[in-house]
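Chain IDs A, B, C and D follow the sequence of writing; residue 1 opens each chain.
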Amino acid sequence: MKMNKLLVEKNSGSDIKIKIGNKILGEKEKIVFSGPCAVENYENMKDIAVKLKKIGVHALRGGAFKPRTSPYDFQGLEKQGLEILKSVGKETGMIVSTEIMDTRDVEYALDYIDIIQIGSRNMYNYSLLKEVGRTKAPIILKRGMSASIKEWVYAAEYIMREGNENVILCERGIRTFETYTRNTLDLNAVAYIKEKYRLPVIVDPSHGTGLRELVHSMSLAGIMAGADGLIIESHINPEEAISDSRQTINMESMEKILKNVKILEKII
Amino acid sequence: MKMNKLLVEKNSGSDIKIKIGNKILGEKEKIVFSGPCAVENYENMKDIAVKLKKIGVHALRGGAFKPRTSPYDFQGLEKQGLEILKSVGKETGMIVSTEIMDTRDVEYALDYIDIIQIGSRNMYNYSLLKEVGRTKAPIILKRGMSASIKEWVYAAEYIMREGNENVILCERGIRTFETYTRNTLDLNAVAYIKEKYRLPVIVDPSHGTGLRELVHSMSLAGIMAGADGLIIESHINPEEAISDSRQTINMESMEKILKNVKILEKII
Amino acid sequence: MKMNKLLVEKNSGSDIKIKIGNKILGEKEKIVFSGPCAVENYENMKDIAVKLKKIGVHALRGGAFKPRTSPYDFQGLEKQGLEILKSVGKETGMIVSTEIMDTRDVEYALDYIDIIQIGSRNMYNYSLLKEVGRTKAPIILKRGMSASIKEWVYAAEYIMREGNENVILCERGIRTFETYTRNTLDLNAVAYIKEKYRLPVIVDPSHGTGLRELVHSMSLAGIMAGADGLIIESHINPEEAISDSRQTINMESMEKILKNVKILEKII
Amino acid sequence: MKMNKLLVEKNSGSDIKIKIGNKILGEKEKIVFSGPCAVENYENMKDIAVKLKKIGVHALRGGAFKPRTSPYDFQGLEKQGLEILKSVGKETGMIVSTEIMDTRDVEYALDYIDIIQIGSRNMYNYSLLKEVGRTKAPIILKRGMSASIKEWVYAAEYIMREGNENVILCERGIRTFETYTRNTLDLNAVAYIKEKYRLPVIVDPSHGTGLRELVHSMSLAGIMAGADGLIIESHINPEEAISDSRQTINMESMEKILKNVKILEKII
């Protein structure tokens, strides 16, 4: 382990702020990313985006390449998904973000999307981290489902070391023995990162709980733990979402969260 | 498993509210318990209690019987600790709470204290749960460090079934692979319990993080996750606390937490 | 933590050997404990004991006091269970072992049984550990389901410090994220204990796997990891066992295990 | 999830046996892979290979691309490492195996090595799994450090579905709360796989324990749990190994393991 200070540590410079469209992540205003788990088709994506923009969501998410446990499950629309995201992003004027899983897709993906997500299952994919480190795009680095905070910030260091300091850490829940919730959202890690490191951190209460009825509470808890933003799975008809339905919330719930986040912003 | 509804489930009755001195736990006002990890001596306990009462803490905690990993470590002042708690409680007019570890101590302990804590390591001590279920005192039931929510609420059911419905669930962090924090505070569990069960739930951000610099953030996060109260280790000189020093906060920090909890209460 | 050597450490004396009937646990011959999860009634217990003795099992186990997650589940025959164990033990000339959960039961229990088990859920019940430490009986100390090796051997130290060095450590699986097996049998811990500590260690492949089809393999793996013995749940009709049926094996399987353990003994 | 049978399940065909040089993995004879954690230089690799071949090791391992937590730690000799492995493999007539981390390296790597390892941190790298599935080489698929058995066999399914059935599952320990050992070797998983699936499974007692003094016991325990082989880190001078020194064993210890594995083979 390098004994000198890491780029990710507080004493290596001022806290990093990242431009997300016309907003800045890492400042007083909390930035909210939202969208369906997977890009299903153009119409849904467009409808969802229009509604989300209207209620104040800052950036759109949607999976084009889906990392599924089983090779027989829907793998995502892939390139077509990127095309849909690009169109919808343009038409609504929203920043779009999606997960990229393969080093060979990094370069051309940036012709379609603005922000690259490194999924939880790829946090240790060091080849991929180095590859996105050579771009200039903001990178949402999801914590590995059983990654220690140490491994997580070192993963960020892999990216930053290549020249890209626009790393957004994302706490999305860790794997534990508990079975009532899909993962255990580790807000300690959010508070710890705000104390010790320079990077902004957002919270994903969707994967973090796996239950839509807990998303509101845990979004607000995440903000109070120190999160700079949230990334939440939403859909016009959650019950019909092609994946992650159980944790996806509807537009009304999204609107309530945004409203309450604004209230918390004022008092923080 | 019993197929009928459990006493602890929401459809078994209205949400349970518990009298803590002249306050009610389970209503809008968040109840705060605080005090040192261990009762060290009369003077410290008295000074701490006086200060805590002054800043608005509702009930005093302090360990008389300490469950230590090693038999060679300070086991607590035991009976003398109970005596100190009783005196200090009387002199300051504060409700006092302490952990009881042995079935044989339950009955006489209530001559000294008002609230019995079942520690994390004793959540599965069914003999002890049945014993405290036969009293009328409020019982703080700390979640086992690796107990599932299911096991935890069934442990509460052991107590309630004996006739004592005054069970206060306490989330104090679970054991995970993470080593930067002492435990992983599982606020999902707090939100889940508020959704599905009748019992009030409080959060212990002290054991839950193990780091005093995270106690403030995680206290507020806990409140937003839905907690009815907090239980926090505090001391006049945390550095000198005989145990759990690293996670113990000082009076100034306690005051700040209480102030911010009040602010959150208003907006909730 | 005490800086001097612990009683449980190798440099505090020679390896501890414990008399189990006319056998010695801790020597070349592996000692096998077996019996049903719960003492169900006299006839079953007697039949099982007779068969087990015949195939070479050294000591009988059976639960009289069952630590159940739910208070509505069968709690065991309790005192009546002790009476059955005593009778059957006498009639078959077998050593009997059962779990005791309450400090108040320790003394009289020894009028009925020879060996006291401290269950996984009570490994941190320090009052109980001290109490059994004041007896002379062999104590099977099951590892807490999420107890570190350190906490486990310190729990043994609690017992030894009171004067009773007859502590048998029992690895019975730890709680992890894996759901296909009930627990994760941690044989590393068995090998580690044989390297560093003085106490004998046995393996429970029944709770350790939760699946009867894995009990044979894991028994033999446990022996090769260094275990001094095994403790296995068996029944004449496993499908009809009142608890833990899924992991209970029949007499034929027990016989096969004993036979293969003997073979391994020769080559070790 | 696909409801039909998976290629990896027993009812999809007979158990899969894989050619490793002139040996068959999956039959009575246990196959042993060994070598240093990292390819350090040509001389060491050559010396180690010569000695390992002499004592009966079947295939050589050595890391050319090292997945390090920190980007500042030795990343491996990379392409030069592959060249060394190829030379040494040829000169000693040994099968060589190394980890490949990037989809772009898969094709050319097979000009240098015989077997590709997918490391624990890349078990969820579905792009990489599909890529190696399109080759004909044997693939050692290490279990993710917190991957469930289900996710693990589905990862194997990703590879097999592309046409490559030569998948060797490797249990290398899972991440748990225990800190005395580096990982917790989950031999239950080995026994479970032999019961339910068609693929051969080998055990890595080096990463699985992290302590060289436990490697012998856990190797033999792994064989009794049902493993078809072992993969062990060894070095002429473990203390001087550039990485993983603490778990690396010397040639004398390797010889002892091979000898005892042969003995176990006879009695199984």
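We take it that contacts are C-beta pairs under 8 Å (C-beta built on N, C-alpha and C of every residue); 3 or more make two chains touch, one makes a residue touch a chain.
The UniProt protein names, listed by chain, are A, B, C, D = 3-deoxy-D-arabinoheptulosonate-7-phosphate synthase.
Bear in mind that the values here come from a model prediction, so they are computed numbers and not experimental data.
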Exercise for review: Please give the intersection of the contact partners of chain A with those of chain B.
Suggested key: C, D
Exercise for review: Consider the two chain pairs A-C and A-D; indicate the one with the greater count of contacting C-beta pairs.
Suggested key: A-D
Check your understanding: Looking at where chain C touches chain D, is over half of the residue numbers used by both copies, so same, or under half, so different?
Key -> same
Review point. If you average the CA atoms of chain A and of chain D, how far apart do the two points sit, in angstrom?
Key: 34
Point to revise | Whole-Å separation of chain centres (CA-atom averages), chain C against chain D | key: 35
Practice item. Take the average of all CA coordinates in chain A, do the same for chain C, and state the distance between these two points in whole angstrom. Key: 48
Check your understanding: Which residues does chain B have that touch at least 2 chains other than itself?
Key -> 146, 150, 175-177, 179
Revision key, fill the gap. Per the touch rule above, chain A residues touching chain B in the complex are 146, 148-150, 173-174, 176-181, 184-192, 194-195, 208-209, 211, 213-214, 217-218, 220-226, 263-264, 267
Check your understanding: Can you name the residues of chain D that touch chain B in the complex?
Key -> 146, 175-177, 179
Revision key, fill the gap. Residue set of chain A touching chain D in the complex reads 1-2, 67-73, 101-104, 121-122, 124-127, 130, 145-146, 150-151, 154, 157-158, 161, 175
